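What follows is a short report on a single structure.
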Amino acid sequence: MFANLSAGALGLPLDHPTAIDLAVRHDFGGVDPDPTYFAGLGSVQAVSEHAAAVRERGLSWGIAGLPVPLDGPAETFRAALVDLPATLELLRAAGVTALGTWVRPMHEELRYRENWRLHLSRLSVVAELLADAGLRLGLEYIGPKTFWSTERFPFIHSLREARELIAESGASNVGVILDSYHWYTAGESAEDLAGLTDADIVSVDINDARTDRSRDEQQDLDRRLPFDTGVIDLDGFTAAVREAGYTGPVKVEPFMPSLAKEPVDDVLADVSHRLARAISA
Amino acid sequence: MFANLSAGALGLPLDHPTAIDLAVRHDFGGVDPDPTYFAGLGSVQAVSEHAAAVRERGLSWGIAGLPVPLDGPAETFRAALVDLPATLELLRAAGVTALGTWVRPMHEELRYRENWRLHLSRLSVVAELLADAGLRLGLEYIGPKTFWSTERFPFIHSLREARELIAESGASNVGVILDSYHWYTAGESAEDLAGLTDADIVSVDINDARTDRSRDEQQDLDRRLPFDTGVIDLDGFTAAVREAGYTGPVKVEPFMPSLAKEPVDDVLADVSHRLARAISA
Amino acid sequence: MFANLSAGALGLPLDHPTAIDLAVRHDFGGVDPDPTYFAGLGSVQAVSEHAAAVRERGLSWGIAGLPVPLDGPAETFRAALVDLPATLELLRAAGVTALGTWVRPMHEELRYRENWRLHLSRLSVVAELLADAGLRLGLEYIGPKTFWSTERFPFIHSLREARELIAESGASNVGVILDSYHWYTAGESAEDLAGLTDADIVSVDINDARTDRSRDEQQDLDRRLPFDTGVIDLDGFTAAVREAGYTGPVKVEPFMPSLAKEPVDDVLADVSHRLARAISA
Amino acid sequence: MFANLSAGALGLPLDHPTAIDLAVRHDFGGVDPDPTYFAGLGSVQAVSEHAAAVRERGLSWGIAGLPVPLDGPAETFRAALVDLPATLELLRAAGVTALGTWVRPMHEELRYRENWRLHLSRLSVVAELLADAGLRLGLEYIGPKTFWSTERFPFIHSLREARELIAESGASNVGVILDSYHWYTAGESAEDLAGLTDADIVSVDINDARTDRSRDEQQDLDRRLPFDTGVIDLDGFTAAVREAGYTGPVKVEPFMPSLAKEPVDDVLADVSHRLARAISA
């Protein structure tokens, strides 16, 4: 696995070239791809050349966001499918290997099984289209009870459920996005990660939690930097990820608005250091 | 439909003969069967004679409790099945036509679909055994969020889910137990009851809710007598039940410990009056 | 219900204007819509005017074919969705109310449940897109064993399965296409049709079967005109359809190449007569 | 894995003590347990002593038959559950570790999903009861098309389906019984066995097929001894089983009535030799 600079996940408004420069400067092993930037390069050829230059600087790609919603109205889904091939072509040209999205853990109207069928429908179509393009898909489950309990019908909010959805889709190019924060808030342990292989994991996030809240009080959008509070057993988490033989990107996504107010080099030096600790632990 | 005296649901410690006497005195149309009392009569013949005497007094039977858990360990389920035929024989001898149970709306370990498969497993076996004995089964879903949100994995807590479970069981002798309290706390309306027929409803409970709590704050075990507070649209509820052509028992289950401290005739006169209002509304 | 002239189902190469003229001449109540012809009219306005003229001549529309495959590769499905809105717009402009497709009753690779999930995926997306356009969808199940047993994994080949697929899709604008030939070859009886309503049936086909073959030997593409052999209990079938309150189109689809060699007016007079008998029976 | 003498599978009417003697004489590594014989020993203690003596002679146990039907009426299932604990106690006392049963691959009435739910219901209860007793369960899928196509609704007839049923049961003590004959008639290859581990396989059967029938013409109850005709790729099959790290019993089940007419020592010497070849290949 390698430390990945995801400016978006850090809440830092960095443009793509700047993110690349900073990733190199602060010893990250990867950086998020930027499909909008790629599109702006004007040709598949230009995207390939840009990607080659990024690789030359020692960086791999993190994962791209999936531009297709797995829930919502069918017309929204349909319209997203119309545009999908062009985006996938750019990502392939850049050598990106995976996209990711998260699963909304509740619904006001759709019962669990109805929502399952909705997600399974969309997932199976999208997964096959990505497989045709040689791309993998990562699904992130969301753990905090303060989130999944806010609407009438809770949905997937544990690793086991996410893995069953993936298994039922029959897709071999879909895996999970593991975030220590969701793993902790879902009440999971290292044991729950046992048996995972590199093929099962598409991306990894490392975050810590606040000390002044119980597990069920933690908020999805108010986390801490890894190793900050020690609330989450990051050593157990990363050991399990290593045990799985995971080879992909590892990033930080703390939802701390304060980061955007600090000097960016200070933030990135700190984040890079924390990721290095997590990876080498 | 007819007003049914369920001493247990009222929290009144009445023995079976007393309950029958009081049901007659206060113009109830039915009374709960008591399998333990039946067993104590010593023979199927004696049970039939007792039941004939009860019918003679103008009373029908409410529903009996299902003596088989739909969740829990397989060995508990197995042991309950061993004893089931004897109980069913007594109920048949008495002319009882239906049993009922409720569905626990959450689980600490079992994910929704795992819990679904558990309940479906047990339900399909039990439903067929009851069908063999000419008996129906009612399933009650539980609405209060203060209940279903207390463990890690919420389960069935709406009419639509209960009906889908029943449909998937393939059993034609299973229906729902409708309780206005669950209907209200589940956020349901008369529209949700549309399309139900007498075959879909096995028993009906009429309760009201506290005024000082929002819908999502209501507690499962702290309700009010029907028409007491007006929080729940009982007119809409009973109109829909009538529209379904429902012919079975209607009872009150307020979980108000204070009732046991009042003169029993006062309580039953009041309850009977409220049920009569609901039925004739 | 009304007799519908479907030239395609009869194997007659009639262009759309000719089909309309012949439908009028032979007292049909409806005729198949022709999206290709509609598209050739050049504008939505022209389609509306054409449809008004057809209505003026006393004809309703049969159903259009669904231009989206419910199985096959995801890319084929995606491409069909790109083009779907334009077709739906034409159909709406013409006042067409329903589309239909059949379900392939076997697969060489996909196991039953895998194939179910595939069809459910596609169906739920398509049904919602059609619902947005105010259109219904009919699914036809295929009965002959000589067809469903020809590949490794048989799939839906009975009414009950088709109805469960529709129910699980959650779509209220999807119903079945009932064909007496599939009903007979599936070993179904009038009892299997009990409980259906007009909302459950999108289109009806009336055909008879050969006398020299047992039920399980009948071939999907070698049938007989209704009331020709009496092998199929068409009176029982149409009585059940009438009992359901069905109001839509009824057509004949005999797969008899010989029809194309006979004078078209003879064929249509005969077919019209047979449909009239079925409808009024 | 070890060669197991299953007199029943060979169609030989050997009593239990004789089977043990012959297993030793012909170098089998195991022999089928005989619950009826165990019961006849009169006490759990006597069963333990008998088992110790068998072990002393160098034999392990094959698997016992599951005395509970996974289909059929609920009352039959219930009655079998009443008696189950006594049988499981004898098997445990003997040190038997697994039971097995096969899945009927078709049904005249139950549609695939209905039948799936039936089997899943029964399987989940039985698997948990066996797990409580420290026992595993093996499920055998049946491959021949001449069998699964004989009723209206084909059911599980491939390894993938059997494994999905097991996975959905959530039971960790259930695996498959692999029979080269079913593997061949199901059109499966070594690739289909890839990824299996010892935990996934409960028992293995090695059989060959007739040369004068195509794959789809093979009859379930008319097979050949392993390596007899070479129709089935037994080397590929056993290599895949070995690759899985399988440690359990391997037996022959040819359904050849002729075997019972030959000298038993000749038959067993031959069978033992063939199993040794399969195991060591």
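A, B, C and D are the chain letters, set down in written order, and residue numbers restart from 1 in every chain.
The working rule: a residue touches a chain if its C-beta (ideal position, glycine included) is under 8 Å from a C-beta of that chain, and two chains touch if they have at least 3 such contacts.
Note that the structure is predicted; figures quoted are calculated from it, not measured.
Enquirer: Indicate the lowest number of steps between chain A and chain C, counting one step per move to a touching chain.
Expert: Each step joins two touching chains, and the minimum needed here is 1.
Enquirer: Report the inter-centroid distance (CA atoms only) between chain C and chain D in whole Å.
Expert: That pair's centroid distance is 47 Å.
Enquirer: If you average the CA atoms of chain A and of chain D, how many Å lie between those two points?
Expert: Distance between chain centres: 45 Å.
Enquirer: Among the residues of chain C, which ones contact at least 2 other chains?
Expert: none
Enquirer: Pick one for the touching-chains graph, please: line, ring, star, complete, other.
Expert: ring
Enquirer: What are all the chain pairs that meet the touch criterion?
Expert: Touching chain pairs, listed by label, are A-B, A-C, B-D, C-D.
Enquirer: Which residues of chain C touch chain D in the complex?
Expert: Listed in rising order, the residues of chain C that touch chain D are 111-113, 116, 149, 152-154, 158, 160-161, 164, 187.
Enquirer: Please give the residue numbers of chain C that touch chain A in the complex, ascending.
Expert: Listed in rising order, the residues of chain C that touch chain A are 73-75, 77-78, 81-82, 84, 114, 117-118, 120-122, 124-126, 128-129, 132, 168-170.
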